[in-house]
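Structures for review follow.
Next come two complexes built around subunit A: one with subunit B, the other with subunit C.
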Partner chain A sequence: MIELFGMEWPWLLWKLVQILLFVIVLLVGLAFLLLMDRKVWAAVQLRRGPNVVGPFGLLQSFADFLKFVFKELIIPAGSDKVLFILAPIITLVTAFGVWAVVPAAPGWVISNLNLGVLYILAISSLGVYGIIIGGWASNSKYPFLGALRSTAQMISYEVSIGFILITVLLLVGSLNLTEIVNAQAGGFWNWHALMLDFGDPKSLILFPVMFYMFVLFCISALAETNRPPFDLPEAESELVAGYQVEYSSTAYLLFMIGEYLNIVLMCAMLTVMFLGGWHAPLDVKLSFMPQIPPFFWFAGKVVFMFFLFAMVKAIVPRYRYDQLMRLGWKVFLPSSLVAIVIVSTYVMMFGRTAVGLAGGG
Partner chain B sequence: MTDGLQFIAFSTVNSVSSGTQLSAPLSTQSAFLLEYLPVVMLFAIGLVISLAFLVMAKIFAPSSPDAEKISTYECGFNSFDDSRMKFDVRFYLVAILFIIFDIEVAFLFPWAVSIDKIGVYGWAVVMIFLFELAVGLAYAWKKGALDWE
Partner chain C sequence: MFVEMLPAIAFYILAATAVGMAFMVIASRNPVHSVVFLIGTFLASAGLFVLMGAEFLALLLIMVYVGAVAVLFMFVVMMLDVDFVEMKQGFLQYLPIGGVVACILLAEMILVGAASLVNPGAGVKFAEDGTSNIEAIGNVLYTEYAFFFEAVGLILLLAMVGAIVLTLRKRDGVKTQNISEQIARTREGGVELVDIKPGEGIGS
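So, the complex of A and B:
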C-alpha cells in the first residue's frame, strides 16, 4: 500500500472525490440560485427576467460565465497589481473554505470539526480581507470608500451574529454543527427558531427570545453579506459599484461568486442553527409514502431562505448608512446581550431542552 | 466515519513508525489534525478554481490596453487627487469596538458550551463580565462613538 504521511491513497482519493462532488454541486446550485434571484426580482417588478438562453432562461448563468471569460481583464495602471489579483482569490477561497463544516445531511460534511461554529466565524471574518485589499489595491476613490464602508458594516454585524450564535450554543452545548442539527430533531417545535413545547409553560420564556434571535440573525445575515437593503458598499447612486469598480472579466466573477457563496452560506447557517437542518418539520413515517431524503429537506430550507433574501432585495428600499450602523450597534448588540442573559439564566434554572445531544449523525 | 478515519491513521502510522523517523506513537493531536486535512483540500480546490478562472481570461479574452482604458475610473474626467486619501476616524473607531466585542464573543463560546458543568458560580462570573461590557457599551454610546451624522 502506498502511503503518504501515514495515510492511505484510497482514503485520500475518496475524500478528494467527495470534496470535488461537493464543490461541483455547490457551483451548479449557485448558478441556478443566481437565476432564481433575478427571476424573483423580475417577477416582483412585473418583468419576465432572463428568458432567452435555454428553456425559461435556465442556462442564463452559464452564458454569463462564458461572457465573463471572454471579456478583457483590465488591470488599472495605478493599481498594486499583485494585491489587485490576490484580492478576488482571497474572497473566493475563503468563501469556499467556510463550507467545509456545513452538514448537508447525516454524515454529508467535508470535515465534521468539533469547533465548527468557531471555524465558520473565523474563516468568514477572513473574507473581509478580500474586500479591503481589493478596494485599496485598485487605487481609485470609489473602490476605496466602498471597501471602507463594506468592512465597517461587515464587522459591525459580525459582532451581533456572534452573540446570536451564543444563544443557540447555550441551548445545545456543542460547537459541532452536526450535533446542533441533531439537537433540533423531532419536529418543528424543537427548532431553535421556535423552541415551542406545547405541554410546557416554560417554553413561553424561550419561544419569543429565540424567535427574535432568528429574526435578528436573518437581518444580520443580509447586512453581513452586503445584500439589499443593506447594499451600501455597492450603492450605485453614490459609489458606482463599491469595491468592484475597477474589476472586470473573471476577476469580477470571482468576487461575485464569493459574494453569492457567502449569501448561500448564511442561508445554510440559518437552516442549521435555527431551522433544524436536514430534519423534516414533522417527524412522521408513513409506510405508504416514500421518505424524503434528508438532503432535500436541507436544500429546500436553504432555497426557501434564499427566496426570502431575494424577495427582500426586490421589495425593501435601501437603508441610509447612519441608520445601518445605529441598527447594528444600538439595537442588535444590546438586545442580543439581553437575550444571552435570559437564555443562560433559563439553562441554569431548567437545564437544556435539547433532546438528541448524545445521538450521532 | 470519523472513528474509521482515526483507526486508519492509527494503524498505518503505527506500522510505519518502526521504519521511519516517526518514533512516537500517533498522538491524539495528530488524529485531531487529520480532521483538518479535508479542509486544506477544500482550500486547495478553491485556489485551483480561482486561478483557473483567471488563467481562462488570460487565454481566451482579448487584451489591448491603452492609456485611457487602464486609467483610474472617475466619472469621465481625469482623477486629480491621490485616491488613498484621509478617511473618517469613525471607521477606525468601529474597528476598535469590533475587536473588543469580537474577543468577548470568543470568550463566551467555551462558557456557552460548558454552562451545565460550571454551576452557578461560573454563570455568575460571566454575568458580571457581561455587565462590565454593557457598561463599556453604554459609555461608548454616551460618548457618541456609535453615532454617524
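So, the complex of A and C:
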C-alpha cells in the first residue's frame, strides 16, 4: 500500500471524496434553501416569488449563479485591491471550514474532533474578517459604516452564543458534537430544547432554563449572521447594502454564499445542540414501516429551522442599532450567565442528565 | 521515511510563516495590512500549538486573539487617520529603545533554548493517557491554581470597570431610550380623551 503524508492512500482519497461530497451537497442544498427563502418571503407578502426558471422556479438559484459568474468584476480604483479580493474568499473559506465538524448522521462527519464546539466558535469568529476587511478595502463610506456595525454586532452576540453553548456542554460533559447528539437520543423529551423527561422529575427544573436558552440561541443566531431583523450592516434604507456596496459579480456571490452557509450552519448548530441532531422525535420502530434514515431527520430539522428564520425575515421589522446592542449586552448576556449558574448547580447536585444515555444511539 | 519528516516539515513551514508574518507586521506601510499580517502570525502560532499536541490552546488562541483582540485592533486602526510621513520620522528616534527591548527578548529566548538543551524534556509536560487537553488544563486550573485564576478574574473585572468609569460621562440634553419607563407606560398616563365641540378646537 502506498503511503502519503503518513496516511494510507485509500484513507486520504476517501477523505477527499467526503469533503468534495459535503461541499457539493451543501452548495446544491443551499441553492434550494435560497429559493425556499424567497418563496416563503413571497408567500407572506402574497406574491408568487420566482416561478419562471424551471418548474415552480426550481432552477432560479442556478440561473442567478450563472448570472453572477458571467457579470463583470468591478474593482474600485481607490480600493485596496489585494484585500478587496481577499475578503470574500475569507468569508467563503471560513463558512465552509466550520462544516468540517458538523455531524449529519451517525459517522457522517469529516472530522470527529473532541473539541468540536470550540472549533466551530474559533473558525466562525474568523468570518468577521471577511466583512471588516471587505468594508475597509472598498474605501467608501457605506461599506465602512456597514463593516463597523457588523463587527460590533457579531462580536457582541458571539459572547452570548458562547455562554448559551456552555449550558449545553455542562449537561453533556463533552465538546464533541457527536456525543452531544447522542446525549439527546431516545425521544424529544431528551432534547436540550425541551428537557421534559417525566421519568426523572428533578430534571424538569431544567426545562424552562434550557427552552429559554434555545430561544436565546435562535435570536443570537439571527444577529450573528446579520439576518433580519438584525440586518443593520446591510440595511438598505440606511447603508444601501452595507459592506457589499462595492462588490459585484463573483465576489458578491462569494459573500452571499458565505452568508447563507453561516445561516444554515446556525440552523445545523441549533439542530445538533438543542433539537437532538439526527435522532427521531419518537423512537418507535414499526416492523411494517421502513426505517427513516437518520440523515433525513437532521436535514428536516435544519430545513424547519431555516423556515423559521425565513418567516422571521418576512414578518419582523428591523431593529434599531442601540436597541440591538442593549438586547445583546443587557438582556442576553446576564440571563445566559444566570442560566449557567442554574445548570451548573443542577449538574453539581444531581449529576449530568446524559450519564445514563452515554454510548447510546 | 517521508512520514517521519512530516511534523518537522510542518513545523518549519509554520515557523517560517510566523516569523515572516511577524516581520511584515512591522515592515508594511499600511497599519491595516500590519493587523492582517498579525492575524497571520496568530494563525501560524496556533498551528505550532497543534503540532505540540495542545489543540485546546490553539483553538483558544484563535478564538481570543484572532476572533476578539485582533478584531478590536483592526477596528481602531481602520478608523485612525494616520499621517504616514510623520510616522516614519519618529523611526530613528525610537530605534535605540526598540533595539534594547529586542535584545532583551532575544536574550530570554536564547536562555529558554539553552535551558531546554541542558535539561531536555523539561519544557512540555504531556497529560497522562485518557485525559484530553481541556480536562488536563481544567484539573490544574480549578484546583491547584484556583486562587490565582480567580484573582486574575477579579483584576480583569477591575480593569473593565475602570475603563468604563474613565469613559462614562453624563451629558445633559441627550435623548436616550429608557426601556423600563416605556414599558411601564399605561393608558391612563399616556392617553387623554378630550370632548371637543365642533368648530372650537382645543387649547386656549
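The rule is simple: the second predicted complex is superposed on the first by the 353 of 361 C-alpha atoms of A that agree within 3 Å, B and C clash if a C-alpha of one lies under 4 Å from a C-alpha of the other, contacts with A are read in each partner's own complex, and residues count from 1 in each chain.
Following the convention adopted for this analysis, contacts are C-beta pairs under 8 Å (C-beta built on N, C-alpha and C of every residue); 3 or more make two chains touch, one makes a residue touch a chain.
Owing to the predicted nature of the structure, the values given are computational and were not obtained by experimental measurement.
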- Which partner does A:126 contact after superposing on A: first (subunit B), second (subunit C), both, neither? second
- In the superposed arrangement, which partner chain does A:326 touch: subunit B (first), subunit C (second), both, or neither? both
- Which of subunit B and subunit C A:148 touches, first, second, both or neither: both
- Would you check which partner chain A:202 touches, where first means subunit B only, second means subunit C only, and both and neither mean what they say? neither
- Task: Have a look at where A:347 lands relative to subunit B and subunit C in the superposition and call it first, second, both or neither.
- Result: first
- In the superposed arrangement, which partner chain does A:73 touch: subunit B (first), subunit C (second), both, or neither? first
- Message: For A:240, using the defined touch cut-off, is the partner it touches subunit B, subunit C, both, or neither? Pick first, second, both or neither.
- Response: first
- Task: Name the contact category of A:83: first (subunit B only), second (subunit C only), both, or neither.
- Result: second
- Query: Which parts of subunit A are touched by subunit B and by subunit C alike?
  - Reply: 3, 6, 118-119, 121, 125, 136, 144, 148, 151-152, 155, 158, 175, 322, 326
- Spell out the residues on subunit A that touch subunit B in their complex, using ranges where they run on. 1, 3, 6-8, 11, 15-16, 19-20, 22-23, 68-78, 85, 88-89, 92-93, 95-97, 99-101, 107, 110-113, 117-119, 121, 125, 136, 138-142, 144-145, 148, 151-152, 155-156, 158-159, 162-163, 166, 169-170, 173-175, 240, 245-246, 249-251, 253-254, 321-322, 325-326, 329-330, 333-334, 337, 340-341, 344-345, 347-348, 351-352
- Item | Residue ranges of subunit A touching subunit C (in the complex, touch as defined) | 3-6, 80, 83, 114-115, 118-119, 121-123, 125-126, 128-129, 132-133, 136, 144, 147-148, 151-152, 155, 158, 175, 322-323, 326
- Which of the residues in subunit C come into contact with subunit A in the complex? 2-3, 6, 30, 32-33, 36, 39, 55-56, 59-60, 62-63, 66-68, 71-72, 74-75, 78-79, 132-134, 177, 179
- Message: Using the touch definition from the top, list the residues of subunit B that touch subunit A in their complex.
- Response: 1-2, 5, 8-9, 12-13, 16, 22, 26, 30, 34-39, 41-43, 45-47, 49-51, 53-54, 56-58, 60-65, 67, 69-75, 79, 81, 83-85, 87, 90-91, 94-95, 97-98, 101-102, 105-106, 108-109, 112-116, 120, 123, 126-127, 130, 133-134, 137, 141, 146-149
